[in-house]
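Take this structure first; my questions come after.
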Amino acid sequence: MRNPKKAALLVAAMLGFSVGAHAANIDTSKRIHVAMVPKLIGLSVFKANEKGAIEAAKKLNINFLYTGPVTASAQGQVDVFNSLIARRFNVITTTSNNPTELAPALRRAMKMGIKVVSYDSDVAPDARDFFIQNTAYPEFGKALVESVAKYIKPDAKIAILSSTPDATIQNAWIGALKTYMAAHYPKMTIVTTQYGQSSPSQSLTAGLNILQANPDVTGIIAPDGAAEVGAAAAVQKLGLTGKVIVGGCSDPDSIRQYVKAGVIKESPLWDEVKEGELVMYVARLAYNNAIHKNSTFTAGDLGTFTAKDGVIIFSKPLIFNAQNIDQYHF
Amino acid sequence: MKASMTETSGFKTVAPSVKDSRATRRARRETREITLIVAAVVVLLAVGAINHRFVSFENIRFMVLNSVVLSLVALGQTWVIATKGIDLSVAPIMGLTAVVTGLLAQGSGLPLIGAFGIALVIGLVLGTINGLLVARLTIPPIIVTLGTYSIYSGLIFIYSNGTQVDQVPAAYAAFGNGRIAPWLPIPIPVLTLAIVLFLCWFALGYTLFGRAVLAIGNNAVAAYNAGVSVISTQVRVYMISGVLAALAGLVFVCYTGSATVTTGTGDHVELQSIAVALIGGTAIAGGRGNMIGTVLGGLFLSVILTALVFLHVPPIWYSAGEGAMILVTVTLGMRQSRAGKAS
Amino acid sequence: MASAALDTARGLDTGVYEARDLTKRYGNVAVLRGVSLTMRPGRVHTIMGENGAGKSTAFKMLSGIVKPTSGSLSLDGHALSLASPAAAHHAGIYLVPQEPALMPELTVTETMFVGQLPTTGMFPRRVDWKAARSRAVQALATLKLDIDPDQLARHLSIAQQQQLECAKALLRGCRVILFDEPTSPLTTHEVERLFTTMRRLRGEGYTLGFISHRMDEVLDISDDISVLRDGALVDSVEREAFDRVRLLSKMVGREMRVVPRRQISHATTTPILRVTGLAHEPRFRDVSFTLHKGEILGFAGLVGAGRTEIAETIFGLRRRDAGTVELAGEDISAASSHDIIRKGLVYAPEDRARHGAVLPMTITENLTSGLLERVKTRMGLLSQSDEDRIGAETVARYRVRCAGTDQKMRQLSGGNQQKVVFGKWMGIGPEVAILDEPTRGVDVGAKDEIYELIDGLAHEGMGIIAISSELEELVRLCDRILSVYEGRIVAELTGDDITPERVSSSYLTSAEVSGR
Amino acid sequence: MKEVENTVTARRTGSRFPLDGWERSLLALLVVEIAGFCIGIPGFYDGIGSLLGLTQNFLPFGIVALGLSVVILTGGIDLSVGSMAGLGAIVMAEFWQGLHLSIWLSALLGVGTGAVLGWINGMIITRLNTEPLIATLATSFIYGSVGTALAGENPPAGFPDSFNALGQGEVGGLIPYQLILFVVLAIFFSLLMSRSAYGRKVVMIGYNGEAARYSGMRVPRVICSAYVISGTMAALAGIVLASYYSAVRPDMGDILLLTTITMVVLGGVSIFGGEGRIAGVVMAVLLLGVLRQGMLIAGFSDMVTTMVTGAILLTAIAIRNLVSGRGTGFALLFLRLRRLGGGKVPEAAE
């Protein structure tokens, strides 16, 4: 197994030389088919990925298709994967509804020589070539805690409003934020964890219920798009703006009004549009066999990234606040 | 609506005597409303004793507010079930209206009145399609609305292409969150529900149309023989259901300020609304509709689900609580009516 | 046609309802052929005829439910075209169906006003419940009906529902009221009350139409009688010319025979079914009797006397309050009907369409449904050849007229359906069979065949209980007759005591004794 | 109502060919569909193996549809199939992971769980006399909760390969195990419903429950068993899905419900009970399943596919009602009313 390693070093070296050469050194001679399969079509965070991906696809000579199920179901995604396999796509990129359920279909794709790149929410490691992690979990956990903790008392009681009890990425973040909180805000307690099922209405109801049932809560961390909006709307409806701080993650368009109203002081995320671009770069490079599980590569304007065991960390958390939120539209 | 007033048209009175009409309807009034009110009060007091905030004005206000959207849909569903039908397509109709009006408001600043107009059109058109398929082509309602469920939810995607509503103009937010007057803290959605409830209650109890609906639900052939226009009544019932689902969608987008492609369908509004109507005392076998019961049923559901939060029941058991509640209320209700039949 | 004679006597009152040359065809089959009728105010015009003679079809055309293929209708000399029942109501013609259209969840007042509610106010126009209720009360009072206008319709008895229909007719201002076989589901007492109502309406000058095939009733209430046979009008007479024998022979199309008594009894003295102190409150109590092998035991009584309930309780379909049932010495009082069938007791219910047969299923499927075990199974599958054999044998044995054993039950005539139901139960070789109204809805010709079948079964040693409301049938069939009145056995008749007069007086005298 | 004068009884008039008009139409449509897709959609036909392989993507729906057909034939409905599928699979996975039982034994226990859940449905319906729609709506909420609670935050995944083969593998690389399972089940159900005593009882109860009672059938027991069958098949489908995904999730059955009802109804089973055959349901399963796969491969989105399915359901049932006049008695009644009414009702309450 010396040769691949050598090759990887070689590629890394070549890439190192060509920093600043943008996309020019990526082989784009052959037009390839790349599909992007979100958890479900019709959610704006994923639309933001699409926006970036379309941009990048033009530069990278990619025939781009954005498709997915109408409900957030694994079966829907699997059906889409199967059709993509039958249509001989070159690369499938996806953010999964569930890490385990999608694995068999994706493994089948890999067996057929299709490259699989997951982003946002991972699938089982052996069912994809690369995973673009939005941000490192510990860092994002920290950002989530800080988005609320900075503005409330160190011994405050906080609540968590998540999507579903078995949402992989949310659970990873909640785990990370608990670790960080225990280390840095030992007196802070989480009094309740509720779920909004990623539905705006159920998130709102859950938010209202949290605040009514737990009047001593002064902060809500909602690591889910619908949940953060629901929690913020609940705070606003109860007239608790300023008294209860909401943090979490959501796309800037959804939370803009609440950030401006002061319900949300800061909300960490990452640049979804740029992430979409990176997904296409990785797809292209993966097709070209230009990157490997452990390597460093350059993705055009986006800069240099490092893959470690196939995991590529996209960026540090991008914190939205009242000052910067108007610069982001997705 | 024209009635044939044969030889006794001279009986016209200026106003219906409340006392008399109540006497006419006493026997068929179920104790369901009272049961639901008593049950809700018991829950309020019991949970209130544990946590005083449960019975705070604010909490009660929100329990009522949270039931508004579902109750609106369920009122439409009550009309349909009263004719022995069922409408599964309310969920996508609600979602479509929320998305269309929300996006138009967000994008081109559609005035609120325009949104009402659009909601009305969506509800009427889609409801009429359901109604015609049921009444004209005589396809069983559950099959018709199962089919249109798929088709209407597709329309949401076609229209929105996945764009979601994040924010609504101030007028919408005011409609969804405002109170009637500064000194009268009744939320406007609750007022809307009250108006719709009054209209439905009045229409079911005091108009020829309402009576035709119940007659069809009881015995469609006999109703036809008695001169009730079965087809047009059925079509109208689905139109009402569509319009109320659409109105619910509009109230939803105004209240929450957001709407996505999964609004309505994602929350299984169709099943929830059937459950609420049945909790409220409407008979699934048709012929009996209880508008007040439906709204009380929606309210009771909201109280129970909120109580579970206050009692610190783990969230995963919320839907089990809802299921158990449906089973208990409906089964007990059937016991009651059977007991009444036996006596 | 004799009806021409009636034409001359046109009354001055409104409500002379005439039908000319009514014909109804379904495909090639003519159900009614050129029937002309005239109904006059203040008179009850009765249509008689056997099953399938076209009585109901005639009334359906007169009331707008069925459109005639040809022919015309006129009311008071004005031609009518009835597009729907509602149009007929509007024109003043009302049909009281045999089983009134029940709206179980509505109150009496609401039921009465379906499609006709009075309204008040211009906008919003609303139902005038006060007027509705007072008019309902008024209409009920006119007919002296003791019905609470506020009770739910589902609490009404069939008799009350029919009377309610009369009130509905009045409310709609109808002058012509047609009754389609109203008395068949009623008890004698209820029939009398219905007739009181009808006489009251006749006295007020209403035009009444009536269908029945119970001769006594017809002679009691009618002013004019028309007889239909095979869709054609064969006789039309006025009250003065009534003649029981003539009407009957016209109806049947042949001379009436004197009811023959059974000549040979197969009854033995071996008890096969012993019922002791059976009770099911409030329908019947203290029922005790013994049935012997080969015996045909009749249950006589009024409809609603509790005979069907007794049978259903013995068969395990109803809860039993007290008493025991022994079949061949074995106590079966606690067994379910599933087990009772397997022990050798079967019950052929009265209402074929609802209880006796599954009309959309085939003859064979119906035949074997009583005891599927008797069809051999191979690897859990019913043997088709075995089923075919049972089907063919039964059809041949009971002379069921059909195109094949896989014909659907609903395509058969009433008599043939009844034969299939027979075959279903007799095929499993029971020791006791309870037959509830074995010839209900069966043609005269087919009746004889069924009687022969029953007799043959008794000859084979089966114990048979026959429940019937037709005296002639009981007289013809039974070795012994038990009279049931209001849930009690009030008389037992044997041998020469079994005559129509004695049988009917056996329960009617008890009626008088108990003051009804 | 024409009486055939025939003293000699013909044994049988119908053909012994097990397909009725409706099933034949569905079969013809299926053939046309597959042929059309093979010719018209590049990538659809990629060898017989891949064509058969496509069935793996939808046969769990078919398994549920078989069980649901029995319930609908009795005149009932089962809305809890989705949550029973999820719960059955989770029970299996928990036994396997938590108690380290053999995967196949766990699967058996999972199927058994489905039977128990169905039995609970049946008891609620027959003992409490609750409408099937309400009872199963309520239990679907309850079973869903139980499934979520059992599954926990990290539902088990990564089953042994031998088990995964059930959902993903093929015999000799050609015929999927799922297809074999489905064919066996379809034949079993077809025989059960058309040729067994049990099926006869189900159909009779569906047409006329009272007549069945008067024939000495233990109606509550048969109805209850129909729900047991439905629960068992739902759980079995859940286990096949678990194998297909090599993972379980409490909500993985949610998508089953509406599609399977569509399949059963399109297959010709009357929603009012009694009428319908398993052969039709099998045709409908294949028809809709292949349609979805084909449309996705052709590049239509999931949304268009869903809409087309809805439209096909409506069109098919409308045609069935109007042309054949078979099926729903209620519908026929109204047709008759309409003809009588002639559209002109002078005293209509309007």
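Letters A, B, C and D mark the chains in the order given here, with residues in each chain numbered from 1 onward.
Convention: a contact is a pair of C-beta atoms (placed from the backbone, for glycine too) under 8 Å apart; a residue touches a chain by one contact, two chains touch by 3 or more.
Owing to the predicted nature of the structure, the values given are computational and were not obtained by experimental measurement.
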Response to the item:
Chains in contact with chain B and also with chain D, listed by label, are A, C
Discussion item. Taking the mean of the CA coordinates per chain, how far is chain A from chain C in Å?
Written reply: 75
Item to complete: Between chain A and chain D, tell me the centre distance in angstrom, where each centre is the average of that chain's C-alpha atoms.
Response: 38
Fill in: Approximate Å spacing (C-alpha centroids) for the pair chain C, chain D
42
Discussion item. Which positions in chain D are in touch with at least two other chains?
Written reply: 148, 301, 303, 306, 341, 345-349
Item to complete: Would you pick out the residues of chain A that each touch at least 2 other chains?
Response: 41, 70-71, 165
Item to complete: Send over the residues of chain C in touch with two or more other chains.
Response: 65, 84, 86, 89-90, 115-117
Response to the item:
Touching pairs here come out as A-B, A-D, B-C, B-D, C-D
Discussion item. Under the definition above, what is the set of chain D residues touching chain B in their complex?
Written reply: 77, 79, 124, 128-131, 133-135, 137-142, 144-146, 148-149, 258, 261-262, 265, 271-272, 301, 303-304, 306-307, 309-311, 313-314, 317-318, 321-322, 328, 330-335, 337-338, 341, 345-350
Practice prompt. Give every residue of chain A touching chain D within the complex, in rising order.
Written response: 41, 65, 67-71, 73-76, 78-80, 82-83, 86-88, 98-104, 108, 124, 164-166, 171
Worksheet entry | Interface residues, chain B side, partner chain C - complex | 1, 3-9, 11-17, 20-21, 23-28, 202, 205-208, 210-212, 214-215, 217-219, 221-228, 283, 287-288, 340-341
Worksheet entry | In the complex with chain B, residue positions of chain A that touch it | 40-44, 46-47, 70-72, 165, 192-195, 197-202, 204-206, 208-210, 212-213, 215, 226, 229-230, 233, 237-238, 253-254, 256-257
Worksheet item: Touching chain A in the complex: which residues of chain B?
Response: 51, 53-54, 56, 58-59, 62, 66, 69, 153-154, 157, 160-164, 166-167, 177, 252, 256-263, 265-267, 305-306, 309-310, 312, 315-316
